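So that we are looking at the same thing, I have put the structure below in C-alpha cells.
A, B, C and D are the chain letters, set down in written order, and residue numbers restart from 1 in every chain.
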Amino acid sequence: MGLKSGRHFLQIPGPTNVPDRILRAISRPTIDHRGPEFARLTREIIEGLRQVFRTSGPVVIYPSSGTGAWEAALVNTLSPGEKVLMFETGHFATLWRNMAVQLGLEVDFVPGDWRHGVDPAVVEAKLAADRGRTIKAVAVVHNETSTGVTSRVAEIRQRMDGLRHPALLLVDTISSLASIDYRHEEWGVDVTVGCSQKGLMLPPGLGLHAISEKALATARSARLPRSYWDWEAMLEDNRAGFFPYTPPTNLLFGLREALQMLFEEGLENVLARHARHAEATRRAVRGWGLEMVCLNPEEHSNSLTAVMLPADHDADALRKVILERFHLSLGTGLGKLKGRVFRIGHLGDFNDLMLAGTLSGVEMGLALAGVPFTKGGAGAALAYLSER
Amino acid sequence: MGLKSGRHFLQIPGPTNVPDRILRAISRPTIDHRGPEFARLTREIIEGLRQVFRTSGPVVIYPSSGTGAWEAALVNTLSPGEKVLMFETGHFATLWRNMAVQLGLEVDFVPGDWRHGVDPAVVEAKLAADRGRTIKAVAVVHNETSTGVTSRVAEIRQRMDGLRHPALLLVDTISSLASIDYRHEEWGVDVTVGCSQKGLMLPPGLGLHAISEKALATARSARLPRSYWDWEAMLEDNRAGFFPYTPPTNLLFGLREALQMLFEEGLENVLARHARHAEATRRAVRGWGLEMVCLNPEEHSNSLTAVMLPADHDADALRKVILERFHLSLGTGLGKLKGRVFRIGHLGDFNDLMLAGTLSGVEMGLALAGVPFTKGGAGAALAYLSER
Amino acid sequence: MGLKSGRHFLQIPGPTNVPDRILRAISRPTIDHRGPEFARLTREIIEGLRQVFRTSGPVVIYPSSGTGAWEAALVNTLSPGEKVLMFETGHFATLWRNMAVQLGLEVDFVPGDWRHGVDPAVVEAKLAADRGRTIKAVAVVHNETSTGVTSRVAEIRQRMDGLRHPALLLVDTISSLASIDYRHEEWGVDVTVGCSQKGLMLPPGLGLHAISEKALATARSARLPRSYWDWEAMLEDNRAGFFPYTPPTNLLFGLREALQMLFEEGLENVLARHARHAEATRRAVRGWGLEMVCLNPEEHSNSLTAVMLPADHDADALRKVILERFHLSLGTGLGKLKGRVFRIGHLGDFNDLMLAGTLSGVEMGLALAGVPFTKGGAGAALAYLSER
Amino acid sequence: MGLKSGRHFLQIPGPTNVPDRILRAISRPTIDHRGPEFARLTREIIEGLRQVFRTSGPVVIYPSSGTGAWEAALVNTLSPGEKVLMFETGHFATLWRNMAVQLGLEVDFVPGDWRHGVDPAVVEAKLAADRGRTIKAVAVVHNETSTGVTSRVAEIRQRMDGLRHPALLLVDTISSLASIDYRHEEWGVDVTVGCSQKGLMLPPGLGLHAISEKALATARSARLPRSYWDWEAMLEDNRAGFFPYTPPTNLLFGLREALQMLFEEGLENVLARHARHAEATRRAVRGWGLEMVCLNPEEHSNSLTAVMLPADHDADALRKVILERFHLSLGTGLGKLKGRVFRIGHLGDFNDLMLAGTLSGVEMGLALAGVPFTKGGAGAALAYLSER
C-alpha cells in the first residue's frame, strides 16, 4: 500500500518538524530591510536569542547554514597556521576539523571511537603539555549529531581555567541549542555556534553565534581572510537594527515566532521535555535489545538517539522500509557509521504522541526488515511517559 | 507539564486533520466569483465530486454546514405534512428527525438502541404496510457519527425496489463520504447528503448533495418553502460555472486540492486505508477489554470507533485528561451517550503512525484516568498494521 | 502581452482583497469545535462583531453566504402570507423580494428607478396607509451593491417611530458593514444582515445577524418553517461558546483576525478611509465625464461606485479588456443594468495607491475600449488624495 | 491619517514583492534533505536555473545572501595577492572592491562618477597595458543597484577576447538576473553571481553562481582559503541531488515555484515586461522634470530607476513621507548618493497597475514633501503603457 496520506514524521535530528505557526510566519510578505519595521524585528530577535544562548553579550545571525557559522567562528578568531585542539567525537567533529585544515589552520585532532564525548582530562593533559601556549583554540561539539553523544562543556572550561590556558573555547551547539541545557556565559564559552533548523524549529538557513568579549578582542588581530563572516560590520549594523548585507527576512519572521513559542512554553520546560522524550526513547531502544552508539550514560543526548543494528543488518535498508511504509524519516548513519546506525531525532516541536508514533514506526519497521529485536520497546517508552 | 508543543492530534470524527496542502490552497487570494477563472474551478470540482459520490448526475455545493444540506434535502423534495420514514440509529439521526418535524413534516421514527444500523427488514415491513403510499421519503444515516455504526444502504434500496414503493431514498453520508464505500448511482439513492470536514479533509463550511433524476422531478412539485436551498437556480447557474449567490471561494480552492489528493491516492486505496485503520482500532479496543457501541460486526464504521466506558467512569473526564496531557482531541459522547462514550476518529488525512500516536494516547489516558482496562491494545493494533 | 504577473486587483464590490494576515489566519489547522479553545474563539468574535454592528444585543454567525442571512432574517420573524414592505432600489433588493415571495410572504414592492435609495417619505406614506397594521416588516437594503446607492436607514426608522407602526425593520448591510457608518442599536434596527466578504475583508462563507429584543420576541411566534436558520438554538449554544451544528472554524479564525485589524486601525478611521476613497473615485468619474448610477448626492455609496457607459458601449467588453490587459476585476452590471454599467469596489482592505492603480486601470481601459471620455479622471482623484 | 490598510508597495530594488504563490511554497513543511524527494527538488531547480542563467554548465546555490556569492566568486578563483580589475560604477561595485581587498587581493579600481557603466574601452586599455598578464580577473557589476546603470557585458568580453587576455570575467547580476537580458554562456562569462530576492521574486537567503569550465579549472589551483564556498564538494554532492551541508529547503521550495512562474510567463516575456515598465518609469521621471542618475541612454537599467532630487531637498525625507502616507517603500540613496537620490524598483513580480500605484505615490509624495516638480509624470507613464 502506498501510505502517503497523513502527516509526515520528520524524525531526523534536524531539520525538525517546523510548527505551522512558524511556517505561517515565514510566509509573511517580505519587508524593506532598511526600514523601521525591520529594525524592530532585528532588535527583538537579538534580545530573544540572547536568552536562548544564555548570554548578555553579542549574538550574530548569518544568512547561512550552520556550517557557515562553523567557518565564521574560525575565521574571526584565528590566523593562518595557528593551532586548534579538536576531538574526533563523530562525523560532524571530523567535518569541522577538515574545514579548519582546509582554511589553513593546524589541527591537533584527538582520536576518538565515536561513542564518547570529549574527555575533559584529555583537554587538560593536552593544554598542560602546551607550554608554549601554541594552542589558540579548543573546539568542541556539544552534541554530536552523528552519534547522540554530548560533551561536558562546563567541565572542559573548568580544566582550561585551572591551567590558566589562554586558548579560546569554541563550541558547536548545532543540535543542542534550545534542546539541551547550555549556558554560553556561565560556562565561559568564547564562541557558540548554532543554527535554525533544530531546537529552534525553523527551516535551515540561519547560522548563529554568541560571542565573548575575549573572542571579540581576539578577532581584532586574527588574520584569516574574512569579509562575509566578519563580526565587526555585522555587530555595528545590528546596533541600529540592520545588517551589512541583505538579511534572510522571512526566516527572521520565523525566528521571531520560534522565540515567542519557546518563551511561551518556558525554556526550562522545553529542556525538561527534551530530557523526558530522550529517556523514553532510550527505554524503547533497551526494550528492543538494541545497542545505542553512546556508551557513557552521562553523555546521552537529549535531542537524538543513535541506534546500532546487529552486524549483517543494513540500517539504510531499515530506514527505507520505514520511510516507504510509515511515512517516517529517520537519520542515516554518517561517515564510518554508514549503514550500521540509524538515528531518531526527538527534538524541536515534539510531543508524547509524536514520539509514540515514531517509536511505533521503528518497532514495526524492525519487524518488517527482519532485524532481530525484542518486541515491546515502544510500550516501555509509553510506560515511562505515562508515569510522569 | 504543559505539553502543548508539537502537532495536535485532532481525532474527533470530524472536522478531521486538514492536510497542509489544503490549508495552503484555502489561503490563496480570493478571486472574482463571476470571472472565467472561477468558472473553470466550478467545473473541475463538480466533475471531481461526481466521482467521489459515484454518480453521473447532478451534484450541488452549498455554502453551509452539513446540517444545511440535511435541510436542503428535505425542503427540495417534500411538501408540508408529508410523511418521512426515519430511524433512531443515534444522535444525528435524531437531530435530522427533529429538523424534519420542525420543518412541518410528519415523521415515522423507528426507535432504536443506538447500537445498530437501520434494519432493512424493518424498512421493508414499514413500506409494505404503507398501502396508501403515504410515505414520501425514507431517510437514512449511512454512518452514524455518534455511534460508529453503518447502515446497509444498498440492501435498504433493494427492499424498497422489491416492493416498488415510490418513496425517495435520502441518505446522510456526512461521515462516510470518501471514507467508506458508497455508490450514489449504483445503489439508487435519490439524495445523498455530504459535507467538507470529514473524509474530504477540508475545514467545515460546505454542504453537498448528489441528486437523482427522480428527486429532481419530485422537487418541481414539492411545496416546502425554499429559496437558499433551491436546486433549480443552483443547477442552472452551475452549468455556466457560477452560483446563484456568492460561493465560498476559498473553501472551493481547498475542495479542488482535496479532490486532487484523493485521486492521487486512488479512491479505492483511500477506502482500503480507512478499513485497515478501523480494523486496527477495533483490535486495540478489544485488546483493552472495552466495549464498542456497535454491536453488529457487519455494521462497524470505518471512519470512527465509539467506545463505552465501564459504568461509574466518566468518558468526558477521560477525554479531558487526554487533551491536557497528550494534545489529543477525541469525540465526546452525544445525546444519551453523553459521558458514557468516547469516539476515536480515524478518517480523513491519516496514516499508521498517526493512529499509533492516537491509540497510545488513549491507552496512556485510560491508565491516568483510572479506568480499568487491559494493557496492550495499542500493541495489538500495531501488530495488525505491521502484518499488512 | 499576457500581463498576468504581479498582484491581481480585485476591485469588484466584494469579495474584496483579502489581506494576507487573514489568509494566514484561515490557514491555521482546524480545531475541535467542542473544545475549550473554540469556546474562547466564539466569545471573542461575538464580542467584536457587536462593536462592528454597534449593538449590545445578540449577534449570530451562520455558515452561509449573505443570501442565507437574508433568508434567516425572514424565516425567524415572519409567518406564511404575512406582508413585507420592500423597495426596488436595485438588483439585490429585487432578489431579496423574490426570495420573500418564494418563501410564501406577500410583498408590497415599491417600484424604483435603481438610481435612488429608499425614500423615507414613501415609507411613511405606506405605513400611514396601513391602518390594519398588516405590514409586519419593512426590509431595506442599506447599500445597494448593484448601484452604489445608500438608503437613509436612521430617517426611515424615525418615520416608522413617528407613526408608532409596529413593523420590524430589517436591513441588509451586506456591502456597508464595516465600511459605511451604520448603527444597529442607535438606529433601532430589528434585524441587520451582513456577511464576511466585503468590509470584513474575509472570503465568502459567513452570514451575519444583529438582532433586537423585539425581533427575538417576534421570532417566538413566527411560523415560517425553519431549522438551520433558527435563532434560538444558535443563541443558546453560543452562550457556552459553541454552535448547534459544525461551525466554519477556519473562517472564524479569519474573522478574529479581521476584527483585530479593524480595531487596530480604529472603526472611525476605517469609515473615514472609505469615505475618502469614495470621494476620490467620484472625482475620477466626473473627471472622465461619465455618469454615475447614483443620482442623489446624499446617497452616494462609500464602498462602491457604479458608472454608466454612454449608449452603444458595452460595459462588459470594457471589463474584459481591463481584466485581460491590466489584471483588474471590476463589477459587472447586474439585472437590468447588464452591459450598461461597471462597478468599482473601493471597500475592504484598501489604500491610496491601490485606488490609484485601480483608477489608472479604468482610465487606460476606457481608452483601449474606445469609450468616449475625458482624460485626467485618475489625476483628479490623486489631486484630492494628496490634499488630505 | 494612518493609512496602514491595504497592500504594501515594496518598490525598493529588492527584495521585491514576493508573489503569494511563492510565499505559500516556502510555507510547505520542511523535508529530509537526504531523502529521495529532496534529490528530485535539487535536480529540478538546477535545471531551471541553467535556463535562467542561459548556460549549459554548472550552477551553484549557496545558503547565503548575494554578498556571500560575491565572496564565493573570489575565493574559488583567486590566490592571495592576485590582481583584479574592478570599476567604480556605484555603491555595490565599491563594496565588492572592499571585499576583495579585505580578502587579500590587489584591486585595480577604475574610478567612476556613479552615473555610467563600465567603459569597455577602458577595460581594453587596462588589459592591453597588462603585458605581464598579472590581472587575473575582471569583475563587473552588470546592473548597479545603487544607480540604475547597466554595463555592457558582452562588449567587455569581446574586448578581452580581442586581446586574448586570460583574465576571468566575473559578473554580478544580483539585480539583473531574470529581469534584464543576460547570457552567461553566449557572452563568455566565467562566474555569474546572482541571488534570490530580486528578479527571482523570492525572499533573501540564496546566493547563486553560474560557472564556466575555465573558472572550474582555475579553481583547482586557486589558493585563497575556502571551505563553505568551495565549488568542488558542492558540485559533487549536487550531482546526486544533495548538498555538502544542510541546504535552505524552504527557500528551495520557493525557487522551484519561482522558476515555474518564470517559465509559465516565458523568459522573453519577462524581460520585455521589465523593459516596458522601465521605459514607462523613465517617462514619468522626465515628465516630473527630475534627473536620473544614469546619464547614458544606452545604460538605463530595466529593473530600477534612480532619481536625483534638486539640491537642498532630502530624498530620505521624501521617502519617509511616502512610506508613512502611502505605504510605499522606495530605495534609499546609498554611499555618496545618500540623501540625494531615491530609487524606484520595478522588477520582479510586477504589473502595470502596481507601477501606476507606485508612480502615483511618488508624484503625490513629491507634492507633499515640497519638492519642485512638474505634475503629470505618472500620466505620461500611463500614456505609454496604454499604447502598447
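By our rule, a residue touches a chain if its C-beta (ideal position, glycine included) is under 8 Å from a C-beta of that chain, and two chains touch if they have at least 3 such contacts.
All values reported here derive from a predicted model rather than from experimental measurement.
Ranked by distance of CA centroids from subunit B, the top chain is D. Remark: subunit C and subunit D have CA centroids separated by 46 Å (rounded to whole angstrom). For the pair subunit A and subunit C, the distance between C-alpha centroids works out to 54 Å. Counting only residues that touch two or more partner chains, subunit C has 17, 20, 23-24, 27-29. In terms of which chains touch, the assembly is arranged so that all chains touch all other chains. Across the interface of their complex, subunit D is touched by residues 8, 10, 12, 14-18, 23-24, 26-35, 63-68, 70-71, 75, 80, 98-99, 102-104, 195, 197, 203-205, 224-228, 230, 244-251, 323, 329, 332 of subunit A.
Contacts from subunit C toward subunit D in the complex involve residues 1-7, 9, 17, 19-20, 23, 261, 265, 269-270, 272-273, 276, 325-328, 349-354, 356-358, 360-361, 363-364, 367-368, 375-376, 378-379, 382, 385-386, 388.
Listed in rising order, the residues of subunit D touching subunit B in the complex are 20, 24, 27-29.
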